[in-house]
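Pasting the structures here.
In what comes next, chain A is part of two complexes: it sits with chain B in the first one and with chain C in the second one.
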Partner chain A sequence: MRAWIERQRGLVDYAVASLRRRRGRNLGLFLAYTLLVFLLASVVLYGDALRREARALLADAPELVVQRLNAGRQDLVPGAWLDKLQGMRGVRGLEGRLWGYYYDPAIAANLTFQVPLEAPPPPGQVGIGAALARARGLEPGDVFSLRTYAGQPYAFTVARILSPASDLASADLLLLHAADYRAFFGLPADVYTDLALRVGNEREVRKVAEKVLERLPGARVIARDEMRRTYEAAFNWRQGLLLTLLSTVLVAFALLAWDKASGLSAEERREIGILKALGWDTGDVLRMKLWEGALVSLGAFLAGYSLAWMHVFHADAPLFTAVLKGWSVLYPAFSLRPQVDLAQLAALAFLSVLPYVAATLVPVWRAATLDPDEVMRG
Partner chain B sequence: MIELHQVSKVFNPGQGNEYTAIHDVSLAIEPGRCTALRGPSGSGKTTLLGLIGGLSRPSRGRVRLDGRDISALPERFLTELRRLRFGFVFQQFQLIRGLSVLENVMLPAIPTGHPYRQVRARALGLLEDLGLGHRAATETQWLSGGEAQRVAIARALINDPPVILADEPTAHLDSGLSRQILAVLADLGAQGRTVILSSHDPLVFEVRLVERVIDIRDGALLP
Partner chain C sequence: MSDEKAKRPGLRGSTLASGYLGLLSTCLASLLYFSHVPPHQAEAERAHARAQVAAAGLTDLALFNEARYARNGALADPHAAFQDHPMALEHFPAGSLMPPPARARLD
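Then we have the complex of A and B:
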């Protein structure tokens, strides 16, 4: 075992010296490689973190949401629907929700108005998202007004700025009292945007949804799982779009790597001949080259992955914000929670390290199986 | 004892440029002596040295080392033989550029798996013995011809092989440096090693190093 370790140490030493001797070529390759891994890993890490964030948000969402459709479009839900669903078996909670969108021309952005089910602000006061506060320069205690759908100004007092921790969902959010919501949008007292149903047993969700449709034939029932899948599909689509664009970079790099790694110069062939003549067998030469390839590719992989990690989790991924977060005007300023997915790490390493190492080995194997007496003859 | 029995070596067999470098050579080389292959350029000396040292296989015939046929050995065993039983000093030195003198000397020891510190100490000792201790950290492309040849000899000795094969050891050296190198080879002979060298340099045959001369021309031994 000790001899094996010493042998590997010698091979690594030689591989490092070999990299050092051709430092210009190897440094260029290392940088291109690092950049590629950085881009790929950034997209994958960012997409995954967003999906995790969305799942975490949906964890608190109701199991079922009931909407009313009118000619295929969502319409307001009459308060009588609440009565029709009262006392349904398996339903742990039932509430009417009020939420909607408002275009604020002052900051040219869409805001999300929402009446929280628990602890809503007192009438006349609002809680606003951090991005909205930034865009309008608002502090707690400030008064600002928005123009209602009837064209009248409506004043709100900022009660609090929502925690940046929830910024992914709350960046453009405005939380208000139900009375303010109805007055602002001119809604009667007995309508809701939709209904939220809490189902005690996860396995009964489908059954409860069927029963809701029986009682409310014009309703659309959306399960939390469907929402999760929609979010994931959106992020997958965006991530796929970026990965497709990056695939051109990948191909360009593959060509570069193949060219640099697979072509053996006359000097390298001569070196391999000398090593064989001195008693290195084909396996030793291959192992040395394997170390050389592994040092370049693994080093570049670790450097690229670390840079991607910092880019995504410490710098909020400025390169991909527009594509992966969405097309919102008010970008959330939030930090994603770092988490290592070992399978994903292994897949990235497999895709980036293995092809390079393979590209280096084939020509070396060819050269290393030649007779070493060519060296003897100069 | 190294024995060659009706050995021939044909390059590019069956092709338009087929060339027979060694014709039906049989000879025995005694251990612990210095034997020289003498002949003009292109006579087949280098090819014969390569066959003796297991760098290539004969097209016909057999090469035996201490009674064991090495011409049919699988590549792995032949490599091990080259590593442990033979030390090579090539005509063009064949040092690896960009590596230091010390790194070059240690190269043949890497596959043995001997502890790094031991190998390094032994390499430094050999360089000291050959008057190159102060050049250990120098990259080999900055060496003079005489220094490069001594580094090649140190490298040949790193695994302490019983047989040294030197191909035209004085080919690129002036008379003074040639005498130095021949003195080093003579020392190796005095240590009981088998030294086999090829040369057409008269100086090699003037000094008392060579105990036996084998003349070769056109790939065949002269009587």
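Then we have the complex of A and C:
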């Protein structure tokens, strides 16, 4: 065992000396590799953390949302639908929701008006999201007015600013009383935007959805599970946001690996030839190159992952915010909660270290199995 | 070369390599250890936000609020991007980040 360790140390000594000889090239490679791992790990950490937040925040969303379709478009739900759904077995809550969008020209942003299902503010008062409060410079007690759909100014008093802890779900919200909502948008008293159903037993959701469709054939029923899956998909490896960001990183990584696999420099081939002529066997040459590749890739992985962790969880991912923000004015300010996922760490290490080491070994193996004389002559 | 060796006797390449990997591993391990939030603690921190979401009856995140079809992605029409006009090309960046609602896909 001791002899084996000493042998490996000798090989590592040589690998380090070899890395030092081509210092500039290897440093450049290390930095590029670190950057690649940093981007890859940032994307994965960010996506995972966002998915976790979405799953946790939407855990208490209504189990079913019922929309009315009119000639293929979503339309207002008549109050009579509430009566039709009354008394359904398995349903422990049924409410009409009122929500909609409003473009606020003063800050050039889309606001979401919503009448809360529980504890709505008194008429004339509103609760506003923290991002909206920041954008408009509002404090509790301030009065501001918005122009209604009839063209008249409508004054609201800020009763409270929603906690920044829920910014991810409430940044652009304006919570108001149903009477204000109807007066502002000019809606009659017996219509709703959609209906929210609370189902007691999670396993009965599908059955309840079927019963809703039996009673209301023109409805579209959306289950909470589908809402959650929409966000799972948005932050999934294969689709949406992550694919957009990840594709460039993966292409760059493939280029790096391909460049390494496509061949050795004349100097490296000569070096292998000399080592073989000095008595190194093919196994030793491969082991030494394996150490060389492992030192570069493992180091780059550790550095890249550490930087990615700091970028996502300590600096709030400034690189991705710019992408996600798009044209949003009321972008939520949120910090993601770090959570160590060993399987994800292992998968990233596997994906970033192994392909590079394997790509380095192929040309070395090809050169090391040749006759030393042939290799040195090129 | 001989001068350098005389100045640093015994500092072999393998010692340098293990020091370099050890340092990086320690940095990463301490970063993970000191900033990790256990799942139950994270859940406790989110409780307020969850209560807010439940009270308001929200169904979506406010992450993509630049376009109305992306703001409530889970409730949007499956062909939301083209709801205004059949030739309406996507012009909001959010449209390329937000996939169609889950029920619009076959799985």
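The criterion applied here is as follows: the second predicted complex is superposed on the first by the 268 of 378 C-alpha atoms of A that agree within 3 Å, B and C clash if a C-alpha of one lies under 4 Å from a C-alpha of the other, contacts with A are read in each partner's own complex, and residues count from 1 in each chain.
In this section, contacts are C-beta pairs under 8 Å (C-beta built on N, C-alpha and C of every residue); 3 or more make two chains touch, one makes a residue touch a chain.
Quantities reported herein were computed from a predicted structural model and do not represent experimental measurements.
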Should A:Ala17 be classified as contacting the first partner (chain B), the second (chain C), both, or neither?
both
After the superposition on A, what does A:Leu58 contact: first (chain B), second (chain C), both or neither?
second
In the superposed model, does chain B or chain C contact more residues of chain A?
C
Looking at the overlay, what does A:Ala3 touch: chain B (first), chain C (second), both, or neither?
first
If you lay the two complexes on top of each other, which residues of chain A touch chain B in one and chain C in the other?
9-10, 13-14, 17, 20
Given the complex, residues on chain A that touch chain B span 2-7, 9-11, 13-14, 17, 20-21, 267, 270-271, 274-284, 371-373, 375-378
Please name which positions on chain C make contact with chain A in the complex.
12-14, 16-17, 20-21, 24-25, 27-28, 31-32, 35-39, 42-43, 45-46, 48-68, 71-75, 77, 83, 92-94, 96-99, 101-103, 105
Interface with chain C, chain A side, in the complex: residues 8-10, 12-17, 20, 50, 52-54, 56-62, 65, 67, 73-74, 95, 97, 101, 109-110, 112, 114, 116-119, 129, 131, 162-163, 165-173, 175, 194, 196, 222, 224, 226-234, 239-241, 244, 291, 295, 298-299, 302-303, 305-306, 309-310, 313-314, 323-324, 326-332, 337-340
Of all residues in chain B, which touch chain A in the complex?
46-47, 49-50, 53, 55-57, 75-76, 79-80, 82-84, 88, 90-92, 94, 96-99, 103, 106-116, 155, 159, 167
